[in-house]
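If you scroll down you'll find the structure; I have some questions about it.
Chain lettering (A, B and C) follows the sequence in which the chains are written, and residue indices restart at 1 in each chain.
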């Protein structure tokens, strides 16, 4: 099986998503080639051909130009699967490429099973198995669904490609994320402080872990009532109802008022010295430890990942 | 053996000389228990507004006894809710009473105070002007009320005139081309905030009881019209309830609503419509309480089981849901009649009676299901229980509703 | 200025979904339906664009059975001028290519200056219809926009990228845009507008008139994901616990990818 993997370049850097695509290919024992609009100073390492187009000419966002370049790579490689990450770059470009090739495109693949691809549906409440009816197929893979490949030392064989296809859209550059007030309902990761943090100074430990995970910190009611944290960070019946991908409850016993605000989180980790704390009933993982020691240690390790 | 026609048979289409509340019949059209697409869209819109904007502050406003006009009235005006049932020519939306019932119910489901603000404004103030006002009055007073530029209130109740409206002591004496009002009104919803008041006063001292009373339109800031004390209430604490004080308050004679002596009739017809509003408010309170009880029962575990699995709790929840559904059908039946020009006094009395008593039962039961937590102010059911009680009292007590129904039955 | 908004009716995502044996999609009985959340932003942006240019005409198009008409009326009540219901009881089974093909067939000779869609649907979530539609019509397309501005035939939009960074893009019209949550604040359909929507044109076109492209993929199975097992309890030395937890997070979530 032959795969053409699409790597991404953003803000002058090669993104790590290519490692997941390489891992996916390795998992299917496929021969790989890679396509990248980038620069030759940071290239992914793997055994195979790397079709490289100059990012200075073709820019980081230019779907029509990138599509034309990709078509050249596809023509040369004749892959069975063309694989993107389901990222803002991938979901934008993959359908266009698929249409140009007359190939079907399957979005946000989380697994391969029974000759078909498994994708989520209905806010991840369901799963669908989808089969392509065309010879070649274009896939986008859900971020984090496939393990990254082990680091390779082999440098790829670079094949330069170019096109004069004019872009239909003009990329003007990037704008940093806006600094707004905290909105826990939009946070993908929330680390919450409960009474178990002991004193207001320890809110910083919780906030540090939240920052290391790229998320926000919240709190249970007793912590807000004690004015250790502002009210707009309260999670629970009289606070916010949140549905993050990851919720880490630190020193929170799991009173029903709090559970009501966070039980729909996708993955719940509780850190508590009490192994019988009610929060253990809905947590996916209960770490029985003193949060004042565990959380800083965890934060340190995450930072050095 | 009474003849068939004298006994109210609740069969659809059966013609009696009493209105049959179960009849959705209009001629030979079949029963249709579905809402129209517009009614569904209205429900969705008001529900989304209520959950997103009204619900988050319901608890704190109750605690602080604070009315928030921008939220509880101006936003309603922006959404086109302040004149739902009035024709477009008077600034209304030209929709029906079922749409109105739905709007009040959805607001009350999260905040009974917001529900009554709309109901008192529309049914008790704007509606009598619509029914009994002349063209100038409709343009001058109804249109701004329908558009929500002004808020309305209704001043009938007095210290010695509650159920006995005939005990009205407030007087209105004709003086040239004015009337001079003297007296006090109590327990007035929206008082202090509203700009327009429909007020009842005795114009004929010689007449007895409920004869000789007339209706007037009075505006805030008229010299001689002030507000007395603000009531501290058990429930609907976010809705302002105050006294109206008239001390030689002079108003133009053109603000007489209807004719002299017609006041009692104006009041009674107004309250017929107001009952639909309050019944909808009670329905919303009950619905909100039931949902809270069901959600809690599904999560709360005792003896390693969600309590929703215990039959005792299931029976209670089943009773709540059934009674609410029955009340809802009565409310819609009354609303349907109101919109189709069918006499609806008994229907609205039945709806208000049933909905308010259901609300009291359901909210009390909801507190019981939530147990100790339900008794705390952290959960909304204790507020809903406190809010429900007034629906059995104002705009005609349950006793009055029973009188209305009983009298009609036994005529 | 002619504007097209492509809208989809989806079930409320809070619903408890049911699957009958052998089914290839969720059971549609007993579900509450609503406008796809992403499409609300698309409708709102279309209405704002029309308000900005002063003379615009917005068509809202949706594919599905009669029940979608209620949701289309919401779009009309929000400010769209006319609706086109492509009547199709089997819309749910169609893949993005077939769906885009139907819309392209409708839009082809109608000269829309601007086409809005949501960036994905909440039920299927492929996110392909917008770009496919643009390819079929030979139009430029920018997906995932969180900011939109129009001036004299040219659009200036911002794409939302990972980490909240935004990519600024200029496009000359006509063009297709797919809308991300937060692009604007969708207005409530006011009650008077809901009543007025009754009088707006809502045409029904049978899908056979517009479907020229067959699908290229098929759903072979639909199922519930395995329930998370009972919680894991970890105890031990702090450093080892941290390593264990990190490994679990890498394995079970996308947070430490």
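Keep this in mind: a residue touches a chain if its C-beta (ideal position, glycine included) is under 8 Å from a C-beta of that chain, and two chains touch if they have at least 3 such contacts.
These figures come from a predicted structure and were not determined experimentally.
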{"item": "Closest chain to the centre of mass proxy, which here is the mean CA position", "value": "C"}
{"item": "More contacts between chains, A-C or A-B", "value": "A-C"}
{"item": "Gap in Å, rounded to a whole number, between the CA centres of chain C and chain B", "value": "40"}
{"item": "Rounded Å distance between chain A and chain B, as computed from the means of their C-alpha atoms", "value": "52"}
{"item": "Distance between chain centroids, defined by C-alpha means - chain A, chain C (Å)", "value": "21"}
{"item": "Interface hub residues of chain A, defined as touching at least two other chains", "value": "281"}
{"item": "Chain B: positions in contact with at least two other chains", "value": "none"}
{"item": "In the complex, chain C residues that touch chain A", "value": "11, 13, 17, 19, 26, 95-97, 119-120, 122-128, 131-132, 134-136, 139-144, 158-171, 175, 215-225, 228, 231-235, 238-239, 241-243, 245-246, 248-249, 252-257"}
{"item": "Residue numbers on chain B that touch chain A, as the complex places them", "value": "59, 296, 299-301, 373, 378-379"}
{"item": "Residues of chain C touching chain B in the complex", "value": "34, 69-70, 73-74, 77, 188-195, 197-198"}
{"item": "Contacting residues of chain A [partner chain B, same complex]", "value": "237-238, 256-257, 259-260, 263, 281"}
{"item": "For the chain B and chain C complex, residues of the former touching the latter", "value": "37-38, 40-42, 44-45, 48-49, 78-81, 84, 88, 93-95, 99, 103"}
